[in-house]
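The following pair of complexes shares a single chain, chain A, combined with chain B in the former and chain C in the latter.
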Partner chain A sequence: MHFLKLILRNTLRHKLRTGLTVLGLVVAILAFGLLRTVVDAWYAGAEGASSTRLVTRNSISLVFPLPINYQERIRRISGVTGISHASWFGGVYVTEKNFFPQFAVDAKTYFELYPEYLISPGDMKAFRTDRKGCVIGRKLATTYGFKVGDTIPLRGTIYPGAWSFTVRAIYDGAEAGTDTSQFFFHWDYLNETMKKAAARRTDWVGVYVIQIADPDRAAEISTEVDAMFKNSLAETLTETEKAFQLGFVSMTEAIVVAIRIVSFVVIFIILAVMANTMAMTARERITEYATLKALGFGPRFLTGLIYGESLAISLAGALIGIALTFPVADQFSKEMGTLFPVFGVSLDTVYMQVAAAVAVGVVAAVLPAIRVARVPIVEGLRSIG
Partner chain B sequence: MNPLPPAIIEIRHLTKSYRRGDQIVPVLTNISFDIRSGEFIALMGPSGSGKSTLLNLIAGIDKPDSGSLRVNGIDIATLSEGELADWRAANVGFIFQFYNLMPVLTAFENVELPLLLTRLPRNQRRERVELALAMVGLTDRVEHYPSELSGGQQQRVAIARAFITDPVLLVADEPTGDLDRTSADDILAMLARLNSEMGKTIIMVTHDPHAARSAHLIRHLDKGELDVTLEH
Partner chain C sequence: MSIPFSYTLRNLAARKLTTLLTAGGMALVVFVFATVLMLEEGLRKTLVETGSPDNVVITRRSAGTEVQSQVDRDQAAIVENQPEVAFGVSGTRLASKETIVLISLSKRGSEKASNVLIRGVGQKGIELRPQVRISEGRMFRPGSTEIIAGKSVAERYTGAGVGETIRFGQREWTVVGIMDAGKTGFDSEIWGDVDQLMQAFRRPVYSSVVLKLTDAAAFSEFKTRVENDPRLTVEAKRESVFYAEQSKVLANFIRYLGMILSIIFSVGAIIGAMITMYASVANRTTEIGTLRALGFRRNNILSAFLVEALMLGAAGGIIGLILASFMQLLTISTMNWQSFSELAFSFTLNAEIIFKSFGFALIMGFAGGFLPAAKASRLAIVDALRAA
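Let's look at the complex of A and B:
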């Protein structure tokens, strides 16, 4: 009890210094948490991927499409329980700044492969029966204020022209990590429109999404799909949905690595600040520690006081920093719009924040604790006055 | 005539030097003398004479280069750091020139501090601390922090802290050095009472001849050697 009392009172002894150090820790822990959340958001697509879905794309590049007639051939492969397709549309809503992913999909099959997109049967029916209808995610609807029945105009880039869609359904995510920032519309509508505008660009799709019954057979089925189209006009590359998503992440790997490094640099800087605070504290109180030693208190008690004070400061900063991470991340997510489809502070991030704070508290106290444990009593007492 | 009390401290051929850069500076040279139980000794001498070093050695907060220093039959020069810490906690009460109280603890908590190293239960600790503070006349300052007390009052708290564990030996390094004459006289009277009424053996380092006159014996140190012994 006296031990804790001493730690607490020592911690509050220099209120300004402790306050500024805690403030520094708050900023560092908050920045660390926010940066880790950005990294998590980068991987959110891969994390949310299903192990029973494969993605088949053109083996040369994602830019090149695949013929629509591959669909039925793939469907016949043993172990395939469903197949659909999606094509990247790349339209612009008002300005380029308003980015959100848009896909032309097979309205009849696509959503059966994605049970995590929750749509009421009535809305689904409305979408399927309206050729110019679209389905949008809840986050997208919230960001731009879209409602069922609204018209969304898009300016085509890959598929030129002015396009217009009516919102027929808004889907929710089955889990917190489900991407609800997407926009889906009928591939049939796109294909028919292209027949009039550019006939040679019809009957092509971007990727096939394949549902398989047994995740253990993913590699085998992928090989079978790719072998089927070997030496054809459009050879395929089939991989798990997770690998497909990670392929996107790897394109921006340098940014993710930079963010990771910065997050640790932030912690290192606050560690230096904290170590300086603890060193000053121990130096100022060396006479008190020497007195305690003279009275018979051992090095364990004294180093315990230093570690306790250091941890009290770092954990106070961590507590406030973690509490602030949630509202700041929320605001950050709003500011970013649909750039990060899934942006939330995970429990793992909170654990890492706590671990970082504990590490800072412990490491910052090491040198002062060693000094106090080793300083001869006479030398410590001599530094008085 | 009463027989002389037994020697509680036996110092034999004690030598201590410090290293200053490449030089070795001798501080104490071949010191030998006894201190008897219940004695009140003043150690005097000019600055650098080695009196504080001798006090530190007797109190077990420094170690000699050679010689033996037996307190109650134990040669404390041979004890390890951990054993010395336990020995100090049980046998020595410290009174410093600048009081050396913990500024974040109240007078009560400062006096209670050495008792935390004992197995005394909380209620007994409280009783002892209240009694000690009453003995030094600070019953009404129990909850005051050192910064809220005068120098004399702080030194009285330090004295209460020094005798709270009932040690055999009290060591005082310039206990009146930072006090005005009235407060200094109070402190000296208190030490004299601890010696006469509680039988505490007291070793006090002082520059002040007036303070030294409170002791039974005055030992002078000069250039690391015991010089003259005055008895009164």
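Let's look at the complex of A and C:
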């Protein structure tokens, strides 16, 4: 009991210094937590992927489409329980800054494959019966203030022209990790417009989404799909939805790696600050420690005091930092809008923050503790600050 | 008379561990700050130098990128024959009708795939880009399934080295040469014959037309006419502007993320400097009293402590810049969101970045040292001398 009291008193002796160190720790732990969350957000698409969905794209690359007649041929493969398709539209809402993903989808089947997009049956019916209607995610709706019945104008970049869609439904995510920043509309409408504008661009889709009954047969079915279209004009590449999403992440991997490295740099910065605080503290109190030694307290007691003080400061900083991470992440997510569709602090991040704080507390105390344990009583008593 | 500089230096040397840790913290912040600036500069250099100011890129209106653009054959022919377009030595127009597609290639050493840009170029394609030269092998022969790969593509992707083959569009394509484009965006591309590539990809239209004007000053006249011609649905941009716009999103992302991080991180380092300087003042209260009694003024004390803090910042700045300069050895490649294809660029250090980073380090030192120095200068002589 006295031991803890002594640690607490020591910690509060230099209020300014302790306060500044804790403040530094708060900033570092907060920054560390946010950076880890940004990295998590990068992988959100892959995390939300279902193991019973496969994605088939053109084997050359994603920018090449696939003919619509593949749909029926893929459907006949055994083990395939559902199929739909989606095409990237790439429209611009007012200015390039307002980025959100838009897909032209098969209105009849697409949402059956994505049960995590929750839409009321009434809204669904309204969307299906309006050829120029669209379905948008909750996050997208709140970011731009869209309501059911609103008209959203888009300027086409891949499909030229001025387009406009009427919001018929807003979907909610079934889980926290569901992307609700997307915009879906009728592929039929796109296709018919292209028939008039550029006939050779009709009857093409971007990717097929295939539902399979048994996730264990994913590899087998993928191979079968690709074999079916081998040596055709549009060869396919089928992979699980997760692999498809991870493909996007790996293209920007360098950025993810950089953010990861930087998140550790901030821990090193704060380690330097914390180690400095502990080194100064121990140096100033060397006379006291020598006195305690003379009174018969062993080196174990003294190093315990130093480690205890260091950990007390680092954990105090971590606690405040972690508590602040949640509201700051919320605010950040609001500011970023649809840029990061899913942005939530995970439990793993909190564990990492605690681990980082403990590591900083321990490492910062190593040198001062060794010094105090070793210093001869006489020399310690003689030392002057 | 001011307090000698050696007094400051000795004070820093007296507490080696503390000085080292404080300067080390600042060095890491400077490292992050400088690295971000270097990355942004590298990206800028790569894309700005890709375009020449007297070349013009024609794309479909509001397409934004070459990949999304489509220019019909008859439109391309009209554009090519505008009076402002220069003639080459052979008497034909200096214009290259090009097709741009992305193909997915896997990286050497790992099976990870990324999008690589393939550019089908016309006869004049290479003449229009003086920065591109063949560093190994030879140029592809027109009308054949031969391709040449940019230096960084050849290094990083399976099948892209000289003599190797890549399969796409139901054909095998042989890599016959490596082009060194002097670290511009073309290093991240593969080039082939435009007609062969359009055949292979079943594309009846071009993606863009690149042409050279006889007089760069005639651009605005050319642009107005081409964009107002009712037969055309195209947009004309100077090549240098076109490429600068391609990197806008990525460059802004790097800049904002980097600046926010540097500012947050600098808070940590400033606090470190503050702790050190406050301790330095507290330990030397009697000394400060003595100096004052000897006749040094308040502002002498203030500047002596400020100089000490600035020295800490300077040390951090130098260490940080030395660390950052090693980053020049690295090349980073990532997907450019706007063109959806992979782009390689390196960290570039220049005098401006050194200047800025060092300035940033001094500002951190100043911010950390100001309050403690002010406290030191305000001490009353008698109290200071009496302090234990």
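Keep this in mind: the second predicted complex is superposed on the first by the 383 of 385 C-alpha atoms of A that agree within 3 Å, B and C clash if a C-alpha of one lies under 4 Å from a C-alpha of the other, contacts with A are read in each partner's own complex, and residues count from 1 in each chain.
Keep this in mind: a residue touches a chain if its C-beta (ideal position, glycine included) is under 8 Å from a C-beta of that chain, and two chains touch if they have at least 3 such contacts.
Everything numeric in this text was worked out from a predicted model, so none of it was measured.
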item: First (chain B), second (chain C), both or neither touched by A:Gly122; value: neither
item: First (chain B), second (chain C), both or neither touched by A:Arg9; value: first
item: Touching partner for A:Pro327 - first (chain B), second (chain C), both, neither; value: neither
item: Partner chain(s) touched by A:Val273 [first = chain B, second = chain C, both, neither]; value: second
item: Which partner, chain B or chain C, touches more chain A residues; value: C
item: Which of chain B and chain C A:Pro215 touches, first, second, both or neither; value: neither
item: Overlap of chain C and chain B interfaces on chain A (superposed complexes); value: 385
item: Complex interface listing, chain A residues touching chain B; value: 2, 5-6, 9-10, 13, 287-288, 291-298, 376-378, 381, 384-385
item: Contact footprint of chain A on chain B as seen in their complex; value: 56, 59, 61-62, 82, 85-86, 88-90, 94, 96-98, 100, 102-105, 109, 112-114, 116-117, 161
item: Interfacial residue positions of chain C with respect to chain A in the complex; value: 15, 17-18, 21-22, 24-25, 28-29, 31-32, 60-64, 67-68, 101-104, 112-115, 168-170, 201-202, 204, 233, 257, 261, 264-265, 267-269, 271-272, 274-276, 278-279, 283, 332-335, 340, 342
item: Chain C partner contacts - residues on chain A that touch it in the complex; value: 16-17, 20-21, 23-24, 27-28, 31, 35, 59-64, 90, 92, 96, 155-158, 160, 200, 231, 233, 235, 237, 247, 250-255, 258-259, 262, 265-266, 268-270, 272-273, 275-277, 279-280, 283-284, 367, 385
